[in-house]
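The structure under discussion appears below in the form of structure tokens.
When the chains are written out, they are named A, B, C and D in that same order, and each has its own residue count from 1.
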Amino acid sequence: MVQSGTSVVGVTVRGLGKAFRGTWALRGVDLDLAPGETLVLFGPNGSGKTTLLKILATLVRPTRGSGVVSGADLVRARDQIRHRVEILSHGSALYEELSPRENLSFAAAIRGDRPAEGAVAAALERVGLGEVADERVRTLSSGMKRRITLARLLLRRVDLWLLDEPYTNLDREATKVLEAALQEHQERGGMAVIATHNFLDGFKLATRLAILARGRLILDEPRGTMTLPAFQELYALRTEGGGR
Amino acid sequence: MNFLALAAEILRKDLRIEARSREGVNTLLFFSALLVFLFRFALGPTEAQVRQGAPGLLWFAFILTGLWGMARAFQVERENDCLEALRLVPGDLGGLYLGKVVGGCCMMVATELAIVVMFGLFFHLDLWPAGVRLVPVLILGTVGFVAIGTLFAAITAHLKAREVLLPLLLLPLVIPVLLPASRLTELALAGESLGAEPHWLRLLLVFDLVFLVLGYLTFPFVMED
Amino acid sequence: MGPWGYIGLAYGLAAITLVGYGWSLGMRIRKRRARLDREAAGRVEVVK
Amino acid sequence: MDRLGVTLGLGAGALVVAGLWMGLVQAPPDAVQGEVQRIMYLHVPSILTAYLAFTVVLVCSIGYLVRGTRGWDRLAHASAEVGVVFTAITLFTGAIWGKPTWGVWWTWDARLTGTAVLFLVYLGYLMLRSVVEDQDRAGRYAAVVGILGFFDMIFTHMAVEWFRTLHQSSSLQRGTIDTALKLPLYVNLLAFVVLYAYFLARRLRLAALDEAVEARDLGE
């Protein structure tokens, strides 16, 4: 058995590869993440960002390579990881006929982490959905649905957040809630991997910057003193010229 | 997570969704009524003919509505990628299977009862005496069907050709369940005791049990990426 | 049709099925081989 | 061709020739059915071989789910494909045999019905495999069908057998097989089993090449 939990922290991934239909969606990815770090992953469509997040979430088994998240092995100790990771995917994973409150309670219940009394209401309140907590999701706008998924993210305390294009359908206010929540998450020692196209918002949140192109990690370094224009230039250079 | 608790959560959620989305229930009822109406042409006018052909046709109707119900149970999960969240449930995914099977059985038996009642109305049959025996037969037959159906609905849920593939895989596999079920239905409708041919009952029970166990054991493999 | 007619039909169809399957396997194997060889050859040319 | 394949192929060929001679020439005609009964030497060995093939599918399916290694899956896939071929032979030889004996091409006889169901189940198995692109996933789905299919094979047989014994009395009762007919049957059975092994070896060769092509595409 892999060492459990708190003694080993961080994310370590070595030589990760995933083959889909005769091509490599991801190959030879090495990645290290320390507590409090937020890695923002940039890359063109189809570069493997989503695949990487899904592997870290234990949704997809890697074809090659190995990894450890919070001391638990990516392949052998999936259940342990599932208690410590939260993913925000393209799909909302919401049931249209249920209310936001019911959706959140269900999501928490099936993971075996029953939220504290009032936690669901508080999370919904925080994303500004307190008033529609008992409406059916079907009647809500797509922006509101996105906020529900944000509330779901806030419901549990986990080590690692995996956010796939989190800014899609999020308005200004909700983006601010996300940024604040991420800040708290970092301060607790939480880690995050964010995949995005959105340079403006993504850059702001990052403590580390990475570029994925054609399934390979071609850049991974601390943000340091890098400015956004400098990074954009670097990105353009790497993904068009040397990304092959 | 405890697998019974997970099963209960899934079941509660599914029944709640079913209760709220009227379209599903309404369409099923309408479709059932239509089927019973069509029986009239298939069976012929005399009561003897009706009695003779009824068990087979009833189960034919149950299968048609059942196939639809099975596909539907996972359509809800597919809609917003809910399946992905379910796959991330830590622990025994067998609970998910159990919840889906119980929910599917509830839906299917309810539909079957509606069909049987309409059948009795349209063909002037007094079904009350038969009912006591018919209900357990319906339940037993349905359990076997749903045990396999849930598994294949999960398999085909994210395939493009699911509408074709689900019946294609499911129907040959449920034949051993359908044979005893329709035979027992025949007995029940004729007002005879099910104990008259106990081997059918035993056979059906064994099939149900084996398919449930196999489904429970293999379901987690189906749910993996 | 006499008894030998039925026998002929059964054995004939079985022969066609078995030989046909064997042949299809052979063809599929040959196709994969050709593909592998071609690609190998293609690589050599690139190297040149 | 690899050596195992050649050996199996030659062996199967020799045995098939011997089986043909024994079944068509050497064996005496059946006392009740006459010459037509010679179809049995095709019909019975092919279904027994199909049963063997699907049993292999069951074992390999379980092996694949438990171990997760590709080899099990390849063997299961190969065996299923060959099994379907033998099931097809069983079906049409059964129908052809049925026509002169029962007067119809198709009858809802227990064995014939069971075989038809079997054919459909494993055809579904192959179809499912061809539809799912991801090999690991296809293997897992197919393994589930392979396991359920085997139990279904037994259950269908049980259920249809009961059905028949209760409803159908007109079906021609086949007498116990005479010793003079037994030896040809065994030789033919052996021929079919070796033929199965030969096809299996060839099919596995194909699977290995497929994998090589895939690996090549992946640039390994």
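Methods note: a contact is a pair of C-beta atoms (placed from the backbone, for glycine too) under 8 Å apart; a residue touches a chain by one contact, two chains touch by 3 or more.
Remember, predicted model here, so these are calculated numbers, not experimental data.
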| item | value |
| --- | --- |
| Pair of chains joined by more contacts [C-beta pairs], A-B or A-D | A-B |
| Per-chain CA centroid nearest to the all-protein CA mean | B |
| Distance from chain C to chain A - Cα centre to Cα centre, in angstrom | 50 |
| Distance between chain centroids, defined by C-alpha means - chain A, chain B (Å) | 39 |
| Centroid spacing, where centroids are CA-atom means, of chain B and chain D in whole angstrom | 31 |
| Overlap residues in chain A, where contacts from two or more other chains coincide | 61 |
| Residues of chain D whose C-beta touches two or more other chains | none |
| Complex contact set, residues of chain D against chain C | 20, 24, 34-36, 38-39, 42-43, 46, 82, 85, 88-89, 92-93, 96-97, 99-100, 195, 199, 202-203, 205-206, 209-210, 212-213, 216 |
| Residue numbers on chain D that touch chain B, as the complex places them | 65, 117, 120-121, 124, 127-128, 131-132, 137, 140-141, 143-145, 147-149, 151-152, 155-156, 158-160, 162-163, 166 |
| Footprint of chain D on chain C - complex, ascending | 1, 3-4, 6-7, 9-11, 13-14, 17-18, 21-22, 25-26, 28-29, 32-33, 35-36, 39 |
| Of chain A, residues touching chain D in the complex | 19-24, 61 |
| Sites on chain B touched by chain A in the complex | 1-2, 5-6, 9-10, 13, 16-17, 20-21, 76, 79-82, 84-91, 224-225 |
